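Structures are listed in the sections that come next.
Here chain A shows up in two complexes: once beside chain B, once beside chain C.
Take a look at the complex of A and B:
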């Protein structure tokens, strides 16, 4: 019997690929609706924005591209819906090349369509992409106009009403960086450390472990880690603002909550194969010992 | 759905399936999609750099205003960038090292203060915790002890000036356990990240490709 179990070590990996594919596809087609538990790092961002009121300004930095859109888009959209539901103004910008061209524009178009009462230039502004990384961040901390002479359409900042309200990033109430890599760290260890602006980061799951060091050191007020974090934020926004439920109920909208069904199934499959692999390994060792 | 969007969706879906076909076996469709992806990515990135970086920051200011005392530094920066390409001319390849020196020096300078002020000092301070939990209960005290023991043991593991025998050996062994737990957590997050990307692709195939095609054919 030990030899039979040991053979499990040589399962063709394509069976594993097929099971993972089915575990991902079936929940997309037939949503299950697993419950989502809220964790403190995500809740702290939500709670802070809950203290903001009409006229307060949040900076939302799209520091990711389409390659990580599956994880980062739901976070950015949820933050936008939360801010717009509370009449909080949003200054959107991108420090990642593809962030300004695609992710920022698509996200703003998607969410502002749900809030037709919003006016561009008054309630939100799209500053587009700025190259230069940390150098640009230092400039925009004091004066947006030094880093962004105009918005993404070339309109001078002096002509945009919202930008008369806030000269530099340090005057905002919060900076949220939706990041795919190192740029979120720059917001924490440059903007927060040198200028004292509260920073929150929404990052991919791959990057999340390193961001916990900044969270524990209080350099960030919160962290949205991966699709799980995005689903938590979505749940809080849906529960706090019933008007957003219609948008989230749209079957064509790719939300983190729907994605977590597939995540859960896939993780259970991975755990099952890890257990099977370990059983097979120890069985093969026993088999060799008996031989 | 506009025709160009319909065609674009189908091209993206077919390329996605070509790439995924590698999971069964290597094949010409996968190789075609892989080569196309590499080439398009590089070309697109060059276009982005020219349009989003060089044009607004270097070419337009110099073209609109010429070289003036307030923007001559742009010319200097542009020449430094061009100087990097002397690398390909053997007789003057050494000139490229000047540009590299400026590039490396700039990043060392900007990161030195940032790393110290933004990472080393705050995160070192965050490990100096009240081991009694600061009055926040037993769980906070336990967490503080775990952080303290973990940081010290991992640092001792990476201290190779002492042989890892006796007490030092046992503490560094504990450090290895903490490292393994950390790597395990990171691996778990990595699995979640990769599955998220798969979910994104499957969402595209189901909702945008199959669903979009059915809606388009149904007159939607």
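Take a look at the complex of A and C:
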């Protein structure tokens, strides 16, 4: 008996792959709709944007690429929907070299299509991508034009009505960095620490732990961690702004809520295999002890 | 000696010192702030050259692989071909050659060649590579998480609690404990790592600015 259980340790890993594939595919095709609980780090971002009104400007920095789009895209989209629903202006930019601009352009195209009344250059602007990391960030804090002389289409910032209202990032109400890697940290330890601009970060689940240090130090006002955080934000936007529910009901739209269903099943599969692995491990030790 | 050693050291001293000094002055001190701002703009240009250096390195290493017909040389051909095509359509779009409106979409929503490459080649390929992690993490968790000793047990329990606390079916029971784990023990450890790394970066920067650390000059020993 113990020998049979111990053999589970050498189970063909393709069984694990198959279960993970099914656990991911089935909930995406047939969404379950697990309810998520709102956590304070996510709610604080939502609550702050709730205090903004027409004329206020939020900076949304796309500091991620397609690799983490499944986690980061829903966060960026939800922040955009929230801002546009409140008539808050958005200055969008990208500082991540491996596809940041693609993520930015696709997200803006996706969400602005849901708000036909928005006017480019007046309600939002796409500044495009800029290399240079911290140097670009420090420059745009004082003056966007020093880092981004024109928008993504090369139109000078001086000709864009929204950019006439705001000279530098420090004049904005909030900077949100949707990040993979280190760029989100720069927003916290450079833009917040040196210029006092409130900063929020939406990051992948794997990088969320390091941001808790900034969150606890009050260098960030909130944190959207992974799909869980994104699904919480989606829930608040859907509940607060019923008009957005139509967009979220689109079966072709990849939302964090659908992703959370898959993540829930996959977490349970992983935990089940950890338990099985440990039972098999103890069975093998017991078998050796008896021998 | 002056061009190879003293001039680079002097430039490094100025480039490192000016932004540090400017940090302690208010915006009104233009005489100090303006050179710092100029240096920051220069850094963006230098970063652009770093990208160019990366491209040169990729070309050189992959060309060698193709010449030697190393294992997987065909993938090097695909990589260089993809890079050449994407770079070409990107450059054509950026300089608006051939009626291209840029590197985004046309006004009617159609993607430009660069946007097409980004949306239909780069994005799915990158997403696929990252998605594979889910399978390998599950397999690795099954094989690595064993109750072998106290440390491994603490790691296992923390991992399982966080995994349960981060999903709807477990957050009712483990949600608060997960948040505590992330904020207090994890936050403390992360803070230590961040402060340690920052002190290390500051000390290395100081060594470079003061000319103690000179290996970046690429000079032989003793020069």
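Here is the rule we use: the second predicted complex is superposed on the first by the 288 of 291 C-alpha atoms of A that agree within 3 Å, B and C clash if a C-alpha of one lies under 4 Å from a C-alpha of the other, contacts with A are read in each partner's own complex, and residues count from 1 in each chain.
As a working rule, contacts are C-beta pairs under 8 Å (C-beta built on N, C-alpha and C of every residue); 3 or more make two chains touch, one makes a residue touch a chain.
Note that this is a predicted model, so its numbers are computed, not measured.
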{"item": "Overlay on chain A: chain C relative to chain B, clash or fit", "value": "clash"}
{"item": "Touched chain A residues, chain B compared with chain C", "value": "C"}
{"item": "First, second, both or neither for A:219, with chain B first and chain C second", "value": "first"}
{"item": "Chain B versus chain C as contact partner of A:184, first or second or both or neither", "value": "neither"}
{"item": "Touched partner set for A:142, first chain B, second chain C, both or neither", "value": "second"}
{"item": "Which of chain B and chain C A:193 touches, first, second, both or neither", "value": "first"}
{"item": "First, second, both or neither for A:202, with chain B first and chain C second", "value": "neither"}
{"item": "Partner chain(s) touched by A:20 [first = chain B, second = chain C, both, neither]", "value": "both"}
{"item": "Touching partner for A:34 - first (chain B), second (chain C), both, neither", "value": "second"}
{"item": "Which superposed partner A:97 touches (first chain B, second chain C, both, neither)", "value": "both"}
{"item": "Clash with chain B (superposed arrangement) - responsible stretch of chain C out of 25-33, 79-87, 97-105 or 169-177", "value": "79-87"}
{"item": "Shared chain A surface residues [contacts with chain B and with chain C]", "value": "17, 20-21, 24, 67-70, 97-98, 101, 131-132, 135, 194, 205, 208-209, 213, 216-217, 226, 228, 263, 266-267, 270"}
{"item": "Residues of chain B that touch chain A when the two form their complex", "value": "23-24, 45, 48-49, 52-53, 57, 110-111, 114-115, 117-119, 122-123, 125-126, 147, 182, 185-186, 189-203, 206-207, 211"}
{"item": "Residue ranges of chain A in contact with chain B within the complex", "value": "14, 17, 20-21, 24-25, 28-29, 67-71, 97-98, 100-101, 129, 131-132, 134-135, 185-186, 188-190, 192-194, 204-206, 208-209, 213-214, 216-219, 225-228, 251-252, 254, 259, 262-263, 266-267, 270"}
{"item": "Chain A - residues contacting chain C, complex", "value": "11, 13, 16-17, 20-21, 24, 34-37, 39-40, 65-70, 97-99, 101-102, 105-106, 109, 130-133, 135-136, 138-139, 142, 146-147, 152-154, 194, 205, 208-210, 212-213, 215-217, 226, 228, 260, 263-264, 266-271, 273-274, 276-278, 281-282"}
{"item": "Footprint of chain A on chain C - complex, ascending", "value": "23, 27, 37, 40-41, 43-44, 47-48, 51, 96, 101-105, 109, 115, 118-119, 122-124, 126-127, 129-131, 134-135, 137-139, 141-143, 145-147, 156, 159-160, 163-164, 166-172, 175, 179, 182-183, 186-187, 190-191, 193-194"}
